[in-house]
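Presented sequentially are two complexes of chain A, the first with chain B as partner and the second with chain C.
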Partner chain A sequence: MKKIFIVLILIFISTKLVAAANTKDEILKNLRCLVCQGQTISDSNSDFANIIRSVVDDKIQEGLTEKEIYKFLSEKYGDWILFNPPLKNYSYILWFLPYVLFVLGGAILYLMIKKTLIEKK
Partner chain B sequence: MLSNLGIISSSISLLASLLLIYLSFVELKVSGDKIQKKIYKFSSVQLIFSLLSFLVLLIGYIFSDFSMINVYENSHTEKPLLYKISGTWGNHEGSLLLWINILVLFSFLFLFLNKNKNKNFKIFTLIFQNLLISIFFIFLLTNSNPFSPVFPIPGEGLGLNPILQDPALAIHPPLLYVGFVGSSIYFSAALAALISKVEAKSLATTLKPWISISWFFQTTGILVGSIWAYYELGWGGYWFWDPVENSSLMPWFLMTALLHSVLVLERRIGLYSWVIILSILTFTMSVVGTFLVRSGILNSVHTFANDPSRGLFILTFLILMVFSSIFIFFKYTPSEKKNYKIFSKEFFILINNWFMVFFLAVVLIGTLYPVFLDTLIGEKISVGPPYYNFVLAPFLIPLLFLMTSGPKHKWISSETKIFFDIILFLSVFLFLIIFFIIKENNLLINLILLFSIYLIIQNIFDFYENLKNRNINLSRIISHFGFGLLIFFISVNHIFSVESNFNVRVGEKKDIKNYIIKFENLETSSGNNYKSVVGYFEIFNKKKLIKENLEPEIRVYNQPKTITYEASINSNLFSDTYLTMSNISDSDIFNIKFQKKPFMNFIWLSVLLISLGGILNFFKRKKEI
Partner chain C sequence: MKKIHLITTFAFLIFIFTTLYLSLNNRKIYNTKDIIGQKIDTVELTLFDNSKTFNTKEISNYKFTLFNFWASWCAPCRKEHKNLIKLSKNKNLKIIGVNFKDNKTQAKEFLQEMGDPFFILISDPKGKQSVNFGIYGIPETILVNEDLTILKKYIGPLDLKDVKEIKKIIKQ
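Take a look at the complex of A and B:
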């Protein structure tokens, strides 16, 4: 059990270290092509995608960071354009519910094995 | 003519299903442990006419009989034969007919092949399965009739969406449907088991082959769909966490959970209610998936046919199904033995289920949350790959670890076999070598690599053990081995993928990392049912001094008028070179997407190994019977 906990702790630290995307292509991958059916800007061949591609290019030239570019685009087109939904009051459930459920599942599992554990002792 | 024949034969099949339900209820009151021949006969009639109706539609497509609206709307005389055939299930009505055919086939096979002695169990399963069949037949005939006639008969059809004209997509829906719909039989059997109070072991042995086979088809179906998306949709990705992809993955998680927990039911007579719940949920998720795809409430690259009235039907059906299942469950569920103990192997299987249900929950939340948010407060958000990768990727590490250590534990006893320290040592050693080659500095990816290597090596050792004594579960080894490889190659692919988007004119060159991409020429060409512009590119690898020639196309199909962008892929054993081009309106500039994707073939192979485990599991059962 100890091993598992150590691994779990390691994981939650590592999540925070997921490298931030900084290249242009990484940014394009996180943007939705608004005129397409569920494609990213990076994957789409539409005119809209071509425009956004050059907008992102320009903004990088202007020296904006990745976050600033996302902010700029979401102010213009809404959060719909971002494939990585920002943490806001309406997306708390989206981001935290999975972890709550995971812990809940673990708790149920623990209750199931508790009896066996006690008897072992 | 064909239209009438189709309607008549599907009506006869519907009638046979209703009669089967009636006869089954009568049969319940008859004593004796043999099912009357009548029921077998009606089941055969049902199957024959159901297959006949599908054959009618197929013939309609092959000979382009445009007197049926469905053929007129989705086919064209100039279409190649293969796509005339696959056009049969490339649309809502036709695929619904295929769906029903699989329901009927499974009902028939269950009745004829099942060796379970409990008569009431078989009869109740038949009742539930035929309720499903009847409801879908009624839906087919009233709302989505593929045989509806059209008058006057059009001279030419409208054609099939060209991106659906593809060999992988020709076989992808049938595979996935066998998986999806195959889960209906354990849904029916689970409910029947509750009512007829089947004992645990007998339920487990009955369910197991059906779970293995549907799991196999589901896995293969997902694989083929993924391969299709890779080369046909032209984005170079193989998994996009698209809502439609998610709908195929959600039942898969549950099937995987079921595949494991049914073992506990078989060996340890435990988890009876849990297996029932999983069985019910799996088919429910399959229907949820179908609802999401067909209702058009999702914004997806894979949605080609949708209509709100269909969505409404499926939703009503879904609600009815869920509530009646819950009712039956609570009315009939037996009280589990209170002093049931969980030992080591069961514990790990429960952990597997914990993870699978968690993965399912994440995918479900990610898929449905935007829909709810939009309806409730009118806020539109997108949930895409960054969300899933962020939430799910960390959980891969404990999953990989548990997949390695879990199977080493024995049933019942809590003692473990001697821990193969050499395996862990070897894994760390190998990981370090790889680490110094790739120099990846992301901790999460490094951990995933380490634990996937551990899983791979463990299974190689297990395989070696298996050669010495034949008692080890080969299907488990192959599937787990495949999963380890899959995660390993996905990670390596992620690290080494080169991707670049740029604009270029004919004759120009572009430098991307180690590559020089030269746009040499542009020519027009034409195919059977399309015209195209072909770009000729030369890609020069500065490091290895290798030249590759790629020819991406922009195709304009005439029936229906559609533009598609055909990727040009040079697939080698270790690495794929991927190029797509699109023109920028009113200019001679082209937008090029260049990608270098290592180990793509290994990713496909890994999934193939995973599903191979499923089919081995299926045949192993047969031998034991």
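Take a look at the complex of A and C:
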């Protein structure tokens, strides 16, 4: 019974450790190295990347969530530090314009085909 | 109908050219516009001589504060130092130096040789405290008012033009 209990505790601890490592990895992959050419903090060995890695470590230890860490860093360095920036008012146009154009194009095409068919009849 | 087609095609071409033009002019480098107007975080910083800590709240006691992030190993910091000395003579301005990832003995030697413009000297041996100020390299300088609001951020060494600008702001 005692052995099973120890094994369960070990499994619980290792699961927690793996989850924490995965969270850190996920965060670092979504952060841009500001002094590198298109590299993530996770990939870079620059001084800046090392400092940010260390700060992210501290923030995880303090109990901050992934979102809170992104918020903290984007407040300091702007959304540019995030590879996946949050949707803001000005970016709605950028994201939804292609869909609007697609629907508009479809409507124009439909009207043109309809008109041609009527003319042929 | 022909007129509608013409207008649609023309509008579409204008849209494409405008998008391409804006994309080409979009400089994909980090700039400081996001941090200006923000308040600096209330953080405890360790003084250079490890004697005490300094809380950034204390800045509200001074009309204007200039945070300068520097190190003895940084050549551009040496270049801007004379300008910091000039600014330190201004009564309206307190300069807080943040010694970034530096060797303390060398930092002391640097100040002995070049002069000490700092009202308070902070030590940031791991560079982690500087993240609270949005620093990503040195030298960087931040001008803060008594409300703890960031008025200006300078990336790279302060030149005479920057000194003029700072003097103009703190005179107001």
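Note that in this section the second predicted complex is superposed on the first by the 75 of 121 C-alpha atoms of A that agree within 3 Å, B and C clash if a C-alpha of one lies under 4 Å from a C-alpha of the other, contacts with A are read in each partner's own complex, and residues count from 1 in each chain.
The criterion applied here is as follows: a contact is a pair of C-beta atoms (placed from the backbone, for glycine too) under 8 Å apart; a residue touches a chain by one contact, two chains touch by 3 or more.
All values derive from a computational prediction rather than experimental measurement.
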item: Residues of chain A touched, compared between chain B and chain C (which is higher); value: B
item: Touching partner for A:K76 - first (chain B), second (chain C), both, neither; value: second
item: Touching partner for A:P98 - first (chain B), second (chain C), both, neither; value: first
item: Contacts of A:L28 with chain B and chain C, given as first, second, both or neither; value: first
item: Which of chain B and chain C A:F48 touches, first, second, both or neither; value: second
item: Touched partner set for A:P85, first chain B, second chain C, both or neither; value: first
item: Residues on chain A lying within both footprints (that of chain B and that of chain C); value: 47, 78-81, 115
item: Complex contact set, residues of chain C against chain A; value: 1, 8, 30-31, 33-35, 38, 101, 126-128, 130-134, 136-137
item: Sites on chain A touched by chain B in the complex; value: 3-4, 7-8, 10-15, 17-19, 24-25, 28-30, 32, 36-40, 42-43, 45, 47, 50, 53, 78-85, 90-91, 93-95, 97-98, 101-102, 105-106, 109, 112-113, 115-116, 119-120
item: Interface residues, chain A side, partner chain C - complex; value: 34-35, 47-48, 51-52, 54-55, 58, 73-81, 108, 115
item: Chain A partner contacts - residues on chain B that touch it in the complex; value: 233-237, 240, 242-243, 298-303, 339, 341-343, 347, 350-351, 354, 357-358, 361-362, 365-366, 369, 373, 377, 379-387, 389-391, 393-395, 397-398, 401-402, 414, 441-444, 447, 499-501, 565, 580, 582, 584-585, 591, 593
